[in-house]
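Okay, so chain A shows up in both of these, paired with chain B first and chain C after.
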Partner chain A sequence: MNLFMKSTMALGLGVAVIATASIAGSHSSEKLNPAVAARQHQMQIVGYSIGILGAVAKGEMEYDAAMVSSAAKNLNALAQLDRASLWIEGTEQGATAGTRAKAEIWSDPDGFAEKFEALADASAALIDASDAAAVGAGMGDLGGSCKGCHEKYRGPKNE
Partner chain B sequence: MNLFMKSTMALGLGVAVIATASIAGSHSSEKLNPAVAARQHQMQIVGYSIGILGAVAKGEMEYDAAMVSSAAKNLNALAQLDRASLWIEGTEQGATAGTRAKAEIWSDPDGFAEKFEALADASAALIDASDAAAVGAGMGDLGGSCKGCHEKYRGPKNE
Partner chain C sequence: MKTPVRILAICVIVGAVGAWVLTAPAPLEDDFAAGHTADVENGALVFAAAGCASCHTAPGAEDKQMLSGGHSFASDFGTFYAPNISPGVQGIGGWSLAEFARAVTKGVSPDGDHYYPAFPYTSYQRMTAPDVSDLYAYMQTLPVSDVPSKAHDVGFPFNIRRGLGLWKQMYMTDDPVLTGDRSEQLERGRYLVEALGHCGECHTPRNALGGLDRDMWLAGAPNPSGKGEIPNITPGKLDWAESDLVYYFESGFTPDYDSVGGSMAAVVTNLSKLPKSDRAAIAAYLKAVPAVP
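After this line comes the complex of A and B, so read on.
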């Protein structure tokens, strides 16, 4: 039996509300450039994992060490996915449909890499968060890493 | 400038054909349990990455060390995503919509873990593949790891 059954079953609704909000904003991946689709899949799991941590921080989901650790580990791993096969040059906003990736991602790869490192660091700090307050204490850096990247490297919503 | 620009631009079409075939078979994630959606996003990036390696192996995409290494590294990382927040008990086929995850995933977690380890091993072996033939030589183990898991832990297509 899965160790995490009880808490995750009980807490499913909180995750559902948060993750649905994230997913509802995405486009269907069927019409996208496959590299664009792949990185949007990456971001969807990022959003799902942050949703778990955010719900725990807000008290909407009961603290569960395994779930928190799992979400933080996955964020850390997703932040470190190799970008060469995902952020392919020529797949910026305006050049291909459905992406908000700004051209600066490719003109400033070191700056872009730093943003993913910030996400990796902020999520690593949450892997061993020992209660909901500790998760909450780490959410500022985590949210800041999202915002820091989106402000600089994400363009406006597509029409 | 991105180091991989030239090759990936030239090879985009091959990736597109393969990845589209994979994505076209997926359901919209908007109606899914969020954990189910998250692991389907995981599988979409797995499929995208395998598509790159398969295209190189078949000669449909020019060998490019950075692309091959990137796809293999990402497969390796995706195979090791922590399962506690993704494979949540109660989200098997029949219990929630749109998933083909068999109940055996939860009744036989060690066996299920071995399948992901097989994917991690097969992809690790491709990270340094030095030419298309080397990629091809590793595709058997890679495809076998997919098949081994799907045969045992994936149920029939949903209606």
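After this line comes the complex of A and C, so read on.
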């Protein structure tokens, strides 16, 4: 295993640990609803993948075509997971413990679908990003897609 | 028994006159922005930095230039509704620069009424006159909305606007929060945070009367909507690297690649429109404010 792979894995692990800690931290004693847990795991891989792209964009990780393309493809696939079995009605913030999913996800399904399409588009554009600058150029749309959804459909912490 | 009655009467009159004087809406300086030629392009940046669209567009609107108003703000004093501030008859159409400037920096309407401090004029009072003038010029270029403004839902005694004059006497100060030696960058950061960005309006806790607790500057506060906490962003709690802050303001990504959400999402959208040096200045400022654990 070369140094690059090691540092990549270390970074990925670090991001995953932080993400897990931040999710687990607020609800250590409760067992999550399985659909909520599954959605949060989906978001963990989203965060892990964006972490790779972000590190390349910032110059913290060397550009590697295979890693960039893989992270972008995974993001693209995650954006297209079928939502019916994951976003189950009644599993919103306030009704189900440990989730920040807002009720608007179910009252405005078309708007919610658009946000995942935005993530699918932004990640597809990064699959063939040919250098760190190209990754950096795509981060704006990627961040915009996360922000657009979390602005409307994710509730506040500690409600 | 005549004398005590007379003394009492004099006291009442003096008190009433005093209260009337104390609660009087402040005038604008006569030479406001005198000799300045408005720069619409800079006005657009002031508009973004001041976050006008975040509150004054209709809830959920995609068009961030149509300032039709309608966002509601729950508080301990009632519910406030952001008014239409588009350049038409329902908004600020026909306002002179002086009227606009008095509204933004003094919190006084063209009719001479106090505005509620849900409108962050307590921050905007620190806006430079050229920036106010540029903002005014830029806002004239925006589309007109014919949606009427919604009346605030505020009960007695807070519905007596004259009383806000007293509130302003107590809590409206243009003293800067960050003092001491400052680099040019910190000076800019202070202006962006304390004047335009009005960050303290949400991130600083308030007392029972709604005045900011400046000893707890940016140390976090309960969300007035009742849902969640607005975080402490002093170095006592926020341990991100300065470069992480700059990147967050640009992309919305936290250092662990979670993303911005809620009301802060619109703030990041605005900050991403500013020059990078401005985002760096805000980050430098946040590293320089007193740490509150």
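As a working rule, the second predicted complex is superposed on the first by the 128 of 159 C-alpha atoms of A that agree within 3 Å, B and C clash if a C-alpha of one lies under 4 Å from a C-alpha of the other, contacts with A are read in each partner's own complex, and residues count from 1 in each chain.
As a working rule, contacts are C-beta pairs under 8 Å (C-beta built on N, C-alpha and C of every residue); 3 or more make two chains touch, one makes a residue touch a chain.
A quick note: this is a predicted structure, and the numbers were derived from the prediction, not measured.
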Thinking of the overlay built on chain A, is A:156 touched by chain B (first), by chain C (second), by both, or by neither?
second
On the A-aligned overlay, A:34 touches which partner chain: chain B = first, chain C = second, or both, or neither?
first
Greater residue coverage of chain A in the superposed arrangement, chain B or chain C
B
Looking at the overlay, does A:143 come into contact with chain B only (first), chain C only (second), both, or neither?
second
In the superposed arrangement, does A:51 touch chain B (first), chain C (second), both or neither?
both
Residue overlap on chain A between the chain B interface and the chain C interface 15, 18-19, 48, 51
Write out the stretch or stretches of chain B touching chain A in their complex.
1-5, 8-9, 12, 15-16, 18-20, 23-24, 26, 28-30, 33-35, 37-38, 41-42, 44-45, 48-49, 51-52, 66-67, 69-71, 73-74, 77-78, 80-90, 106, 109
Would you pull the chain A residues touching chain C in the complex into a rising list?
15, 18-19, 22, 47-48, 50-51, 54, 58, 139-140, 143-144, 146-148, 150-152, 154-159
Contacts from chain C onto chain A in the complex sit at residues 60, 223, 227-229, 247, 251-253, 256-262, 265-266, 268-269, 272
